[in-house]
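Take a look at these structures.
First subunit A sits with subunit B, and in the next complex the same chain sits with subunit C.
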Partner chain A sequence: MTAIALRVNQLLDRRSLPVAQLLLRVITAAFAAILVIGALTTEGFLSVDNVKAILGSTAFVGIIAVGITVIMLSGNLFSLSLGTTTAVCAMLFLFALQAGIVVAIVATVALGAVLGAAQGLLIGSIGANAIIVTIGAGALQEGGAVWASGGSAVFPPKNAPGMSFLADTILGVPFAVYVLVVLAVAGEYLMRRTRFGREIYLMGENKRAARAAALPIVALTAGAFAVAGACAAIAGVLIGAFNQNASLLVSGTFTYDAIAAALVGGSVVTGGRGSIARTVAGAVVIATISDLLLLRGYSTGVQILVKGAVVLVVVVLLHINQREGER
Partner chain B sequence: MGRALQPGLMTAPPFIDARGITKRYGPITALDDVSFELRPGEVHALLGHNGAGKSTLVKILSGLVRPVSGTLTMAGEEVTLRTPQQAQQHGVALVDQELSLVPALTVEENILLGNVESPFLQRPGGSRAATREILDGLGLRHVAPSTHVRDLAIGERQLIEIARALSRDARVLILDEPTATLSDTEIEHVFRAVRQVVAQGRSVIYVSHRLGEVLELCDRASIFRDGRHVETRAVSELDRRGLIELMLGDVPEPSQRDGLHEDAGEVATVTIRNLSVPPRVQGFDLTARGGQIIALAGQIGSGASEVLRALAGLVPDAQGDVSINGKDVRLGSPRRCVDAGTVYASGDRKGEGLFLGHSVQLNLVATRLPALTRWGLVRRGAAASVARQLIDVIGMDRKRMRTPVVSLSGGNQQKVFLGRCLEQHAAELLLLEEPTRGVDVGGRMEIHDLVRVAAAHGNAVIFASTELDEVLDLADTIVTMHAGRVVRTLPRRLATSAEILGDMTHGNSESRAGVAA
Partner chain C sequence: MSSVALKDPRRTRELARTSAPFLILALMLVAFYVLPQLSGREATVFNVFNSMQNFAALGLVALALGLTMIAGEFDLSVVGMYGLGSMLAVMTGKDSALLGLGIALLAGLFVGLVQGTIIAKLRINSMPVTLGGYLLLLGLTATIGHDDSQSYPNLSVGSSLDSVVAQIFSLRSLVAVGVFVVVTLAMRYTRLGRDIRAIGGDRRASRTAGVPVDRMLIGVFALSSVLSALAGALIAYSLATATPDPGLAPLIFAITAVLLGGVTLAGGQGAALAIAAGAITLSLLQELFSILGTPTYVSSLITGGLLVLVTIIAAPDLKQWWRTVRTRRGGPTASAASVGSSPAATVTGER
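On to the complex of A and B.
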């Protein structure tokens, strides 16, 4: 407690602190207080089972968000077709299971990567706006999926080969959570240590400078979208296995939830700054809030409302704070 | 030499009287107990290195930041400026270095924008005559108030900024590097406007790195160093050397010209024939060798920058026979040009050069990642050691390695940028656009030395500059350009500043025609 008192004193002492920063700190503190109080007073929140539940509900969105972060870091805003890609990939996965589980997984991830890369190529080569291209590409994917499936949901073949592990839990934690952890760690490594990752950060920070310095803009953009497509495909595989059926309805709110996770994590929409780890943290924060509201018996409407409010407040404050920092 | 002082100027009570001003940013003291006074009717220069404290003082006087301590008196009344609007109400108008016009609005709308006297209802009709008069006074007769700012050249935009400040009937006009992007004719217009303003009894605070302008235009100069006020002197008592001495604390020796270094390995050979860069440049020819530093001297719009951009592959429809080290280069792609051995440093270091949010280290190695990568992984040890070599070359403290570039001063940013571009011991073609734009005297000399060393090691250097001083200082061959064409090519030792300036401003043929008439 003395540490907190000291901190408060420090805060009050710095009169020159810009208002926005002060506001950010106050709201962050209030937010943390609400969370702590909520956690302490809500029955069942601080239990191992609930932590597992939070992680479980984060996994699918988190996996897609890892991919969307790479796009965001590359300075191409975000893709609005990743949810559709997830659904299309879930459908392909269940369909392709008749050729065996390994073939199905490889084919699905490849499809996701190709779908992403194609959009990235278009965006990188002609400098098109990512949002517009991905809206169009989303509609194309939807159309293609409806055409190929005849508009009905896809079910796995009878006696489908061992895909149950995809929907299983290990030590009480869903398999998808392990996949998220592995993807997040691998993604961080990709972005921090490889030439591809470093150049994505550079291009996202300043695309004109990247062009003048002859960085491979087209390849990097295609690569970023391919990574995102592959992540969406992996989510599709897991969702298909979990639901045992797949249609376009699968896409749901995945696209927006993934964007929200990246934004709450504090990655900068215009690129270059942020990280996959931050995005995963953002996804966990959002899931924690939803879980808390659920446990306290609030309706779905309230949950969505609060989630929206949190995203809005955090994003605005981070933006203001960042601007102050640049002065 | 400065203007003759108006009678009574020395004795008039100061309009601005700042005493004991201190400002800290975190642990850094930007201004330390600084006093400054501004008299009515004077042009007062603020001089100093980047980071000396002049920008901070300007920000305090215009209400952008508040000092930790000290008093500020304006027109005999003690004031506290919390916002730029309050400064404006006290008659202080800042013309910023960074252009703050709205491109999509008209000249007139931009001039009215943010004027506290007409915050909501704007009646352009009523002020049109006044706007016209101000524009005419700045030599902008050809600009209609209804022109969109996006259609104006950058120099004209700078003049519109000044027009905006004048329209507010400011008693003090603060010009922060007003001429950095202007051509000589445009600079003349700014000078005329400044003289007009002070003739009306108003005052001008003039921040500039260009000592020639200070000597020509200003009455008094306050020199700052490391956040302290060194001295305020009448400009008529000073010359260029005196100013540099006061700014730096000591006078650096002019560097020796090296020529080609003895241990230079391969030496670059570059031939450019019949280069055209639509819409302006045509029939550009040039031959360059390693060790040579060639200036393309011309004003904005002369085509000098366009030539560099074309050689860097950044102009898709540029054409010409270019060969580097015996190999033909097809223009139009940055990748192809870099592979052929060109290195381009844009004049727009923030927009097209640096990755501002990233560290000094990443900026230094940004274009070298392919060579530092094995199996897709960046070899961190190798990257760090290359970065250390480069940071030593540019003479910056290794402790800055992890600092984001955005927090460095303009001069240091430029050094990092050029450090990235300067490959030592290589036969490459270095294309430098305005290599010292916005850099102070000390930084400028260091950067010129870097360029000379790079040339001495076998690189061919072509730089574009609008500044006569820089052209004469750095180049050993000068190519003057005007209106998209080469006026003439001559070795530095045969060039006089008057000739070069004449070529840059009128073009050869026109000036001859003028003589004949």
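On to the complex of A and C.
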């Protein structure tokens, strides 16, 4: 019976697939056309300054997105609290500056990694759902941050020691962009050339096979979330230095922007497929869209709306393409 | 597997699982009565009324999410539809509240049908789809509301919705209670309940057994969005205002309530009545916070902690993990236990 049902389903799929695919290609093409036409007709879009602005706004989202890509590749969907982690880390960084810049950076990245690893441990060891654990962890981080800060914004100590370089521009490009490039290269190396990275890919591709091969599932999951937390912390350091103050408001739309960047870059939420390099490209696309909408005077609401539509279309497209590839 | 020896403990466990939500609710009621007295305060009938007001809004969102979870899916967009429902009701209902409510419900129906169709027909993981849906709805809400809170001029609608009925209810909370009653009856006395649980438990088998899986899935997502829109529209009239971004708090409430109600993430189990118990428990807890004057960050910590806690308890591999830990301590046969673990770890995949 099951075999017959399967066969029928396959037939149904085969018939309905090309139509869906055609439709989605048309949508993608239309979207690309809108983007290109928008770019050509928007005043000030094709200027050097604007390209720099796009790169600048890519950097923060991109750095968080590098981390979220590792989570996605590991087969654990995505985290819904990385924006909060970024904000909490920015607050800690500015507070810890009184102990010196090196201590502050190390402490902040350590906090991010620990926050991530704790969630990863839970998710990896007992199979708790990643989305729900990270939502709960986000509420916990918010509560903890308000408790520790008394609910007010954190400012750096007077005469903060040598943090200005973090917010500088070098050769006209913000420092954060260089950090993103370094992180992306390091991340690609980690994921492609090290045992940790390859095992993450395998675990994301086929968790049961990974279990059967006695891969350390718990450690790998904790590791993936720790990397993501550390990336969020690095973004927190840069944002704290850039804004010269930090509160929970920092989190903004970072969580969703980072997820959108990874998805647009072609990472598959169910794991195993995608790469950090493609995520960075996705972050550039998201930043470009935001910039274009901003230049044309669209509200925040429209920007979120468009990002949501992009996520939806890309998720569906990727899914269909992947199924075609399996045939 | 169905040997007689196994049957009894299994039945006991099943009974424990289904009665746990109501036991927790009973405990909560005791705490609700006792805890304020310890700090020289008192829980009044009005506090119970307030809890039911909270239940009226967020209980419906919990039911919306819970139904998709019983069907083995996860609708992240409920909080987006909740926000859009309230914004649409406020913006389009200025002349007639019923018209605003109708538009909100229709929008919910449309959104649910689209999301459900994508998820059912393409056999695609519902989490990323509804995440995209959530963002889209959030953006739409903010766009319609001009990126700002919008107030509703006709205050009499809210006051008639919120006027006290039978001491602890209002028209609004009676609507929520009514919805829960209808869904409970429909799930108990028609095929619907069995079919929803079937597609959550073993989708492939239910397809083979002739359950109209795709239609059921689309229906569940449509119902989920309509219920969320209803909750949003009613709360907007009650508060006479709609915000451009409701935040994640309603979603946190909904997930916690559903898990407290004994619905598992793997799907296939759960009942509307138990979800109601979970939602009332949480509503009482939140009212308890306000009676005790708990600082916001403490209630945020407790709410987040509670969500993580129920997630741990509901985790599919918890027992497996515990067995592995124990065996590892005991001897070298440990690794065998960790192989062949439950496939339920990938929550919303096609089974």
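Everything below uses one rule, namely that the second predicted complex is superposed on the first by the 303 of 327 C-alpha atoms of A that agree within 3 Å, B and C clash if a C-alpha of one lies under 4 Å from a C-alpha of the other, contacts with A are read in each partner's own complex, and residues count from 1 in each chain.
Just so it is clear, a contact is a pair of C-beta atoms (placed from the backbone, for glycine too) under 8 Å apart; a residue touches a chain by one contact, two chains touch by 3 or more.
Model, not experiment: these values are computed from the prediction.
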### Query
Putting subunit B and subunit C on the same copy of subunit A, do they fit or clash?
clash
### Message
According to the stated criteria, A:Val146 is in contact with first (subunit B), second (subunit C), both, or neither; which is it?
### Response
second
### Query
If you stack the two complexes on chain A, which partner ends up touching A:Ala186: first (subunit B), second (subunit C), both, or neither?
neither
### Task
State whether A:Ala209 touches subunit B only (first), subunit C only (second), both chains, or neither.
first
### Task
In the overlay, work out which of subunit B or subunit C sits against more residues of subunit A.
C
### Query
What is the contact status of A:Leu249 with respect to subunit B (first) and subunit C (second): first, second, both, or neither?
neither
### Message
Output check: A:Ala99 vs subunit B and subunit C. Expected answer is one of first, second, both, neither. What do you get?
### Response
neither
### Query
For A:Ala309, is the partner it touches subunit B (first), subunit C (second), both, or none of the two (neither)?
second
### Task
Report which listed segment of subunit C has C-alpha atoms clashing with subunit B; options: 20-28, 164-172 or 200-208.
200-208
### Task
Pick out the shared contact residues on subunit A: the ones touching subunit B in one complex and subunit C in the other.
16, 208, 211-212, 214
### Query
Inside the complex, what are the residues of subunit A that reach subunit C?
1-2, 4-6, 9, 16, 20, 75, 77-78, 80, 122, 125-129, 131-133, 135-144, 146-147, 151, 207-208, 211-212, 214, 256, 259-260, 263, 269-270, 299-309, 311-313, 315-316, 319-320
## Note on the structure
Residue set of subunit B touching subunit A in the complex reads 66, 68, 312-314, 334-335, 337-338, 344, 346, 351-358, 362, 366-367, 369-370, 372-373, 376-378, 380, 406, 420
### Query
Where on subunit C does subunit A make contact in their complex?
74, 76, 118, 121-122, 124-125, 127-129, 131-147, 204-205, 207-208, 244, 248, 251-252, 255, 259, 265, 296-298, 300-301, 303-305, 307-308, 311-312, 314-318, 320-321, 335, 338-347, 349
### Task
Note which residues of subunit A are touching subunit B in the complex, please.
16, 193-196, 198-199, 201-202, 205-206, 208-216, 272-273, 326
